[in-house]
């Protein structure tokens, strides 16, 4: 088994199509922060290559190996002393008024609808499995995986969702109606979002990295992706230890 | 098929053991509020009798049929135009220091640890599947089913959980540490709660109806019950319509 | 005493400088929503003309007279049966790196720093009266008057502040650190905000209506304005009745 | 000037009436945690003796001097290099149905109405300055001073209030209605709380230390006390530095 780590990997990785190297790769080592790992997952396009995330800065929720733990993590992994966490991903599609797919993205964290800084409050409609759920007057809406629950959704007031659960979380951003609380639904729910009014400067963002303009002619549909992210857990710490360290639990 | 509704039912029901009438009952009609339905579920002791809840006051989350919809709901039900929502329940057991079971209760909404009005803040420990999660300095902790997510947990800041999901929610009550946010875990998680210090006047409450004193010698274990509550949904409204009406969604 | 209400007022008002009509106006009648009243206050440029706000749509927090109450409100006002609520306003100034004032605005609701939809999380620094308070990693920060507490700040998790108090509220928008809670300070505090990093697409918005780009060379300073908004309260309802109606209090 | 610190002080202090030693004391040195300081303030019964709080454990919000800073703090104080923070206190009175005062207490942090662990949800009414504000279905209500805003009120979702502001905060505990948010009012407001229904096991707690039973025949009135707490600030750190350390600000 071979693990390649050289300086040109980043550049190679970005330029290459996954088909170019997939056959020769057993494991993808991601050095950086959570953002780097998110974009690596996207670039894999669903190929079943496990990822070991090493955080070069402070601890991440996804890159849970710190630099000083790297040797131990790698040893564990090469010795087979690891488990693979299969993480649920979301597929987001933007349709035009004729039902044509304009955009298809797959994310590990979240699909976010939000407004530009100077835009007025948006009025959007949420449907789940064809049922009307609610209209939201808010700054936006976050559809997150369990993995993404500790990212933007948490900042917007959402709950912490254990990664192995089969649920999606829908968290409004600064809702005008104080009763519009975060909602957790089955991961096989099909979520549909439309804008109730003409709005300018509304955007859909995938994992906080790719953005598209959203208009009242569009429909955003989000559901569980057929892709999974395979995160290598070299058994150095469990999920709650990561939470505790990141959220400074128990220190007050 | 026979449905018996007479004035003495309530009294009969309370006095009788379910084994006395189970063979002759196809459906349990509960007239009252959500509290009445919760106690009916407990009295059924796991017998698989579907329940139709009719709310005599304002709309409930469990008793979703209003009085003026009763006839239609009953007609639908008798004509087979209904579905049965199988709702996850929790089993809570209190153990003494020798591992002996002192209490076993099964709930549809929640198991709550909380402190008396004059008691000092409590310091409790949460373990999940044998892993240490966190110590909580708080007024208490709520372990709720998806059904119970819209009851006490919501008031304490928890998310709304769609009833058919397979998750449990752990919501702290007035936690000192602001980072101790609600946690959602798989429904097959085994939750264990102990008190870190001698406390007086700590109680465990089951569905807000039965209470027991909790001391530092005790262990509270909560997991998915083998029982299910079978709620008849006579197809008059879906879950989100109930939510919308109860929470006054979309009115501001 | 004369009150002029004619069709051309709106246009006149926008075009005219307040000095053109100030001497002949005893009372400004604003027909519209809260947004209309906010811009009217700004156009008055501090002139001490009392405003009677009439809401043509649903009840507002500022335009508390409904159309069907208009006659009574006007009668009360003309008969002297009213009080004038003197509302605290904020002065916001943007300085460049040489200390030159680029922008000066006066607001009745709030001064908001927020990021564009596709921008990365911002890292800003808050100083109060020259003391370092905190760095915020968030989507933004809201500085609001008591009057503005029920607008954007409330949606972002801020408290409801009674209008006659002498305080300012600083509410973070989706803060990464869960302990960064809303802060209430004396109204004579001087607030200073700077960006810790180069950011693109950060904006400062005044009363949600006027926006300016904010960069790491700039300093935003916010303090109590010498201007006051004078809102006529024709004694039809008190503040808590408005709150109750707007927030649907007591209905669940 | 003399400062007496001897082992018998605590006992003396508890037994003695303030009138016994007031003439010979220039400064009260409180060694312990915030709870110790709260009870010292109560025992002073309004006598204008400044207090220097030294925390023997972890940093407190009130006892801001740590053990290792004690010498510096004392030196600063004796050299006159300090300021006295005059802190607003609340007077709480419980009246019976004939208007007779049953209880009068003065607090530095908060007056809390809450229910026993096994009690049903309470339904209380809040009036301010004679105006009806709202009925609350909740576990209770906290009336806090600015000083108390970082104690129980913060855990219940209240804002952080700068100590020198002239406001009171009213924070519901686990309100059923999600729109019942914390309210900040002028410190000269007169707050009145009654129970809408017969309840058993409702209590009023003063600074978390003294508790009295509250019934539907009683009226609780809370307003600004004529007493002030005089806290010595030996200029080692400002309020925001205390907040930062206690709340772990800026660490995520």
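First chain written, first letter: the chains are A, B, C and D, and each begins at residue 1.
Note that a contact is a pair of C-beta atoms (placed from the backbone, for glycine too) under 8 Å apart; a residue touches a chain by one contact, two chains touch by 3 or more.
Since this is a predicted model, take the numbers as computed values, not measurements.
Visitor: Give a one-word verdict, same or different, on whether chain A and chain B use largely identical residue numbers at their interface, taking over half shared as same.
Guide: On the two sides of the chain B and chain A interface, the residue numbers are mostly the same, over half being shared.
Visitor: If you take the mean of the Cα atoms for each chain, which one ends up farthest from chain C?
Guide: B
Visitor: Find the geometric centre of each of chain A and chain B from their Cα atoms only, then give the gap between the two centres in Å, rounded to an integer.
Guide: 32
Visitor: If you average the CA atoms of chain A and of chain C, how far apart do the two points sit, in angstrom?
Guide: One centre to the other, that is 36 Å.
Visitor: In chain B, what residues contact two or more other chains?
Guide: 154, 176, 178-179, 181, 247-248, 251-252 - these are the residues of chain B that touch more than one other chain.
Visitor: Taking the touch rule as given, give the residues of chain A at its contact with chain D in the complex, in rising order.
Guide: Those residues of chain A that touch chain D are 178-179, 181, 246-248, 251-252.
Visitor: Touching chain C in the complex: which residues of chain D?
Guide: Going by the criterion above, the answer is residues 128, 131-135, 137, 149, 154, 158-162, 164-167, 169, 176-186, 189, 238, 240, 243-244, 247-252.
Visitor: Spell out the part of chain C that touches chain A in their complex, as residue ranges.
Guide: 114-118, 120, 138-140, 152, 154-157, 173-176, 178-179, 201-203, 205, 208, 211, 247-248
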